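I'd like to ask you about the structure that follows.
In this document, chain identifiers A, B and C correspond to the written order of the chains, with residue numbering beginning at 1 in each.
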Amino acid sequence: MWSKKELPSRASGQGQDSPMKDDAFVLRVEDIHKKFGTNEVLKGVSFNVRKGETIVFIGPSGTGKSTLLRCINQLTIPEKGRVWLHDDEVTNSGPKISYFRQKIGMVFQNFYLFDHLTAVRNVEIALLKVKKMDPESARRQALYELEQVGMKGWADHYPAELSGGQAQRVSIARALAMDPEVILFDEPTSALDPELTREVLEVMKKLAKSGMTMLVVSHEMGFAASVANQIIFMENGNIVEQGPPDALLYDPAYVRTRKFVGQFADLTQRKD
Amino acid sequence: MDVTSILAEWTPYLIGGISLTLGLVAIALGIGVALGLPFALVQVYGPRPAKAAISAYAWFFRGLPVLVLLFLFYFGIFPAMGLDLPAFFVGAVVLGLRGAAYQSQIFRGAIQSINEGQMIAALSLGMTRLTAIKSIILPQSLRIALPGWSNEYPEILTDSAICYAIGVAELLTRTSQIVAVTYVTMPIYLCCALIFILLNYAGMRVIHVVEKRVAIPGFGAGAG
Amino acid sequence: MEPAGFITDILIPALSQGLVVTLQLIVLSAPFGLLLGIGISLGRQYGGKNLSNICKLYVIFIKGCPLLLLLFILYFGLPSVGITLTAFAASVIGFILCNAAYNSEYIRGAILSVKDGQTIAAQALGMTKWQVIREVVLPQALRRAIPGLSNEFIYLIKYSSLAYMLTVIELSGAGKLVATKYFAYNEVFIAVGIVYLALVTFTTVAVHYLEKRVAVPGMIH
């Protein structure tokens, strides 16, 4: 599924003023700071994302994970720090931000489907209004994306007529339709019952396997253990520890990480 | 001469009055939406001074009696601007400007009732704020505003009769003229009241049909 | 004509006299508008089928009929059936009838919002139907109806200007006479407007205060 182009071997870059230039990275996030009032939510967060990688952010609530995702596509403007997509700076990009937001898709905890539009219209509206596609191709692509998430049969239903899991799958299709290079998932299953959670995680797993680059804020440790290439543990606006699941979930270097991961012991049992 | 034949004789004249009344209402509603909607958008998304200006506008037009507004514009403001406008036009404009003050509040409430996630999701897809307002926020808020907005129709319809005071030949003015000529009072007044009530009812039916046609499951008046 | 003299010697005295008449119209109409409104809402809610239908028709008639037409009926129409009213009396009666119809809608809505359980609980204590209405339902309903009722009161302030159409020289009428005589429409009607804005704004603030005073903890309006 998702006939995305295979890993492009990008020619050596032209990024002039990037201190950490490395063409293997799709996305680079550099020293992000964000305050809400006097509350410093992000205290200088940096990390890099390789093409096709799935990074899962874990950590206690209120540690700035969701804010971090919103800083990446500039829905929240950080006070300090920069974000790069390949060699182009996403931060301070002015009107070009529209282009970056198409390339960096986002899926929200509460779906945020457009309530007045059917499922298929939800997926095609940005194709029409942002990509200026002709209505026929937009409809064709929208239906294709819905098919990918198993929602084609619900194309003409309104958000109010969908279950939470169905709505979240439509919202994934909506993000995919823009042909993004990275998708940000902001607690995509936190608002869902366990059984609905499963259907959404299935779609996300398939998406990861197809080579999509994904940043996921989630409390689903099972998903993190089985799908993530990297797990980033955040606390109090900082990255505490970062590494592959094996290391981070089963052999964390820091006590704080161990304590947090320990709460989910049953979910992360190593299946030997 | 009995009442029925008087009414029959004056029917065309009354119909002319009905059409002027409906003309007043239609123009006033048109102006009300054309101004009220942008005013509401400014009040939600606009810069602070513009918000304050709209609030002051609404305070002024909502605080004054229709009669005083009609006198002020018909005898004062328009002539002072060098405009010699027909009473019908002044009446329609005043009802419209006043309607815009009320409707801007209705639309503003509707826009503000929309979950901010709708705007965030639209921006996340690369839409500009303007596109998001046009394609996402307005279609939703207009549906939400419709039930509240529909109350504007009976209000403007009954207020339109106050244009009698500046001599617009609408339904009430013509009714009074017929009364003055024929010396038949109660039956003709009651007939006029009945016409207003029927116009009210008919208009609400039309709005109801529109409400049903634009209804969306789980959305707006139909559900939470 | 010297402007300062016009304002102090002519405009202010004329508008003051007009304002007194406007206040008389409001003060005489509002209490009866409220009482009749309560009566109609109770008739509609608790009256028999006939009374309920009469109240309903009454509300439909008043809400559909322009207030100015109602005033004409009372002042110019009633003499033909042998009832002659002064312009002032016709105006007050018209305002009461109109105000009551709209008030009754708010009160009825508020009555419907009082939970059934309370009525049953009151009946279980042995209260008669009338006692339940008076002791339990109305005190809550009237509190809940305050925002709507005060809205109608503000409408009454503004629509009291229509009495001028029956030759009652209230505030806007006094303004009209001065404006026509001295050909100073803008100045006069802006002055008249300021008085109405002051009345309406003062009422809005006062109502806000009243709402806080009668608020009961845990009861949402």
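Definition applied: a residue touches a chain if its C-beta (ideal position, glycine included) is under 8 Å from a C-beta of that chain, and two chains touch if they have at least 3 such contacts.
On a predicted model such as this, the values are computed, not experimentally measured, just so you know.
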Chains touching both chain B and chain C: none
Reference chain C; chain at largest CA-centroid distance: A
Chain whose averaged C-alpha position falls nearest the assembly-wide average: B
Rounded Å distance, chain B centre to chain C centre (Cα mean): 22
Mean-CA-position distance for chain B and chain A (Å): 47
Separation of chain A from chain C, taking each centre as the mean of its C-alpha atoms, in whole Å: 58
Residues of chain B that touch chain A when the two form their complex: 115, 117-118, 120-128, 131, 135-136, 139-140, 143, 216-219, 223
Sites on chain A touched by chain B in the complex: 73, 75, 95, 98-102, 105-106, 108, 110, 112-116, 125-126, 129-130, 158-161, 171, 174-175, 178
In the complex with chain B, residue positions of chain C that touch it: 60-61, 63-70, 72-73, 76-81, 158-162, 164-165, 172, 175-176, 179, 185-186, 189-190, 192-193, 196-197, 200-201
Chain C-facing residues of chain B, complex: 59-60, 62-68, 71-72, 75-77, 79-80, 154, 157-162, 164-165, 172, 175-176, 179, 185-186, 189-190, 192-193, 196-197, 200-201
